[in-house]
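Only one structure is covered here, and it is reproduced in the block below.
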């Protein structure tokens, strides 16, 4: 949809516009209003260069896209059909719960094993644990390959599926060799398109799911879904969308909570939404409220940081991990809200 | 807390700083660290001029306030004690529900009377209805004094308490004469301090409550509570805090939902939080999710736009009012979540 | 422009849509694309109720407005013609400079008189000075009617035109009696529509100009211009648009600087843009950079806080007022940049 | 600085706090105020785990950091000394200008060669040109290794230094083999710490500079500088900070312009600031205003998209590239403003 600066395009301007869209297989339909004309683009608007060339015309005030910038992620795509099974849960039939520490401490593997057992007993389906960590400061702990073995051992002991974040292709190779169940992409890499594409390609046809966090930027819904499209179009449709808070907040939370974006994602896409309230609010006391709110907004589940003894943890655990006892209560209550929510 | 640009203040700088804070009855305590010194202000930091003068010193990098900019609204103030009763509800013992149309249509009073009756049957405690409306465009409907009579008549017919927005002192005089139960201050006037002060003073000692919306600005928590302090310090402690979404949103919602701010308000203040999900999300289909999320975040209740026939409404009703049937279900479910939430 | 959720509306849906827009004198034109249809609204989209009713249809995904929500402020309106003269300056032919303290200290009138004289000598055209002040905390200094006499006396002594902020109708009455030259509306009242309307009506046909600050909210351009439309449509076209920073900033500035919005305002409206860098950045050391940047973005002038002895000032002066010496240099440099800017 | 929820810590709480900070070599100093105590942390606060553990205590309301989360980037670090020479320009003695197309079209190398020549004639110092491009949609043009040869050929023909963006380690290897002069890290990878670290390490001791864009997120100043610290601490201090707009904007710009952040970066760090106005505003007509504003805010130079024939370009060129003629004028004017700015 082209909105000109003046009430209508001159014949020469219209000709130029038609020529541009014609190169991309589109046509123009003029809409004659009482006071002004606007110009609809018929055809596929998903040509960035076409749109950029139209925006570059100084007699054009706005170019509004009607189509979304993704196809496979769209709620109307054929991918919307079919069951989505993960860790024994049929998503959409019951909620999915992922829990575990922010960061695995390689010096204290027992803390992780005990947490893993407690997550299982609390009703969690998938065990999370950070092997490598993106940290704001270069001088902070950045992770350790040895933690991957601890994660695998915990899977062996508990039977829980496992989830960890990868930050580059070296990490990716290691977790694929280990047969990870869920690969997590963090907020800082959420728009790292070469990495998204590689993950999609290397897990194509496998059982591995990909948990894609929302970009820290307050990424618009369409940009978030377009990032997921990189993974899906490269071959892996088992993507989970994970809001986790946006801009840093001044007001007592770590980030601006965005549990509410769940409703918008659900309106536009078929993909499951698994919310991360821990990074959103950033303090343990606020996590249960945010996790339950996520269920009220219609989330398919949550991923919540949990530690058998938060104050002994490293990474974000001391401030934002909840105890397994709180997790157990939370899962019970989340099931109640999930059920209430189905009627709307 | 004064943080200097250099590792420490010179003796002359320190003397200047001490002189400034001394004028306001404060003292400086130097904190000697390994690499730098910082300077604590002992006494009451709530002197804006003192803080501004410190910030004006070019050798000062930051001045961090420790105290909050309000006293009566603070969770530690003596106002935190005591029961808060409104429309027969003891707030904190059970949730409070306010519902009704965005705008009363003075040409169709029966639509309002029927809605009022339906709100009562659905379990609402207070009836809302806009008499005057702040509209973005000067050419849109701006309200009508005649609608106040309709609101009063609905109270007489149903026995429900009533709530409407005032935008200036003329409105205020009229609603006080009418014995309004709850005066609403909208987002656009949320920092209109002369109006806040007048409302506080003119309702001092009365039974009238004041529902203060959060400023559209993404007002920080402290600024929101300081605005409420204007009302309370002028004489009326019956203030209700009402988040209603912040910046306009690009993504399908009307505003950025801020139901989540409830937890922060509760951590800092004793005041009841009554969330407005209708203005937050701005479309009827998204309202129940947001209303239930508000309860999950710990709200004391909600105010939700409801209309017996939304598409016949004026103002925002056609897009964001829910039907009385949805309201009834929502109130039932909200009670369940409110109860679950008490355990955290 | 109506974008349906499904690729096209059913005949019954189309009929409903046509009926709604028909009530407001509009028609629908269907645009048939390869994969989907969209529906243009022919006629005047500035009916909020029509747009709300369309948004209320559950089969409608989006309703995009093509028209701006204002008429008189539009760059195409007939108001764009004609000269704009203020304080001896023809706006658009040379830049306009407003300067003076944040707040007039009624206990020290000489500080104000000396500042006024210094503003004149530095090349300022209009003298600003706060008589009444909106303050975050109810316990801070709120202004004093006596300061108005000091402002008038300074005008008498220097011959400079004068500018002050009004917050309510009592203030308005007083400044109109005093024959103020420029009435300022602050960020907190920037969407206080009853006040805007009254100011527009009571200054209709007079020589008084109105300096309207941008709402603190990060008010979108259209909302800012629509607020100005309240003043202009009530009778006074002598409106000046004043960006002054938006959301509070965490990063060392007082607010997020928005000098850049100047270019967008200029693209959409004929109204002069007078930027306030003092409230934008909030510290004297950053003011010159922001003031010069405003000129580079194409502003018609600036309003900058200046004080003969900033550290003796009250209000924001100690932190953000520049000295008259800096003002003089700044005005000289601003003229250079203003001139360079005309060629683009 | 620890601010407790209650007016003071109990002895047991204080002991726990002292124990935690003691593990990291810090001590606590109690500051006894009239109404409350606060607790200063003496020692190095840059231990994320220590800060997280303190935040995890439920009797702690806030933990304010005094130190910045970087050392080498700090304006007080020894790196602030010494000359910074790039492409024949001594930064700080005269402004630096980078220009060229958004994206090199491998099918039309002559367009690039002609643009390169025109950039040189307009007074540019470094030639930019995108070889690989992060695009929102996976279906858009993503770049081509062949474009790197074109870039190198343009360097050979003009003698200009060259700059291009890398998105992963494959790109990095190729540009290092080619002896690139300036490596660009785009907004989407601005917090991709493994990549930042690798670039820093692999260019350690070389003449290669690194242009680090500000993260799209509205990255806070400290996070931006901490990201640069990854590069510098890995061995390469030749880092250039590049603001390029933040959140997507609704209002006619592509992003929210952030030229203003220049002043904050300059107050905290010694690193040169080279602003990108093209991505900030996103339309050619707005670029000169933003580029000149950047100089007014104190930038050391700019990087601006320029194309010999913008409408023939690919990538963002058609909408945001300026012509070489505009570039030439812009560089002349920028030199004037740069010079004016030095006096403040």
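Each chain gets a letter, A, B, C and D, in the order it is written, and its residues are counted from 1.
By definition in this document, contacts are C-beta pairs under 8 Å (C-beta built on N, C-alpha and C of every residue); 3 or more make two chains touch, one makes a residue touch a chain.
Source: prediction; values computed, not measured.
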{"item": "Pair joined by more contacting C-beta pairs (A-D or B-D)", "value": "A-D"}
{"item": "Chain at maximum distance from chain D, centres defined as averaged CA atoms", "value": "B"}
{"item": "Distance between chain centroids, defined by C-alpha means - chain B, chain D (Å)", "value": "39"}
{"item": "Rounded Å distance, chain A centre to chain D centre (Cα mean)", "value": "26"}
{"item": "Contacts with two or more other chains, residues of chain B listed in rising order", "value": "220, 248, 250, 252"}
{"item": "Interface residues, chain C side, partner chain D - complex", "value": "220-222, 250-253, 256-257, 259-264, 267-268, 280-281, 286, 288-290, 292-298, 326, 329, 333, 336-337, 340-341, 343-344"}
{"item": "Chain C residues within the chain B interface of the complex", "value": "46-49, 52-53, 55-56, 58, 62, 69-70, 134-142, 167-170, 188-189, 191-195, 197, 215-218, 220, 223, 226, 229-230, 233-234, 246-248, 252, 283-285, 310-311, 314-320"}
{"item": "Residues of chain B defined as touching chain D within the complex", "value": "1, 3, 29, 31-36, 38, 40, 42-44, 64, 66-67, 76, 248, 250"}
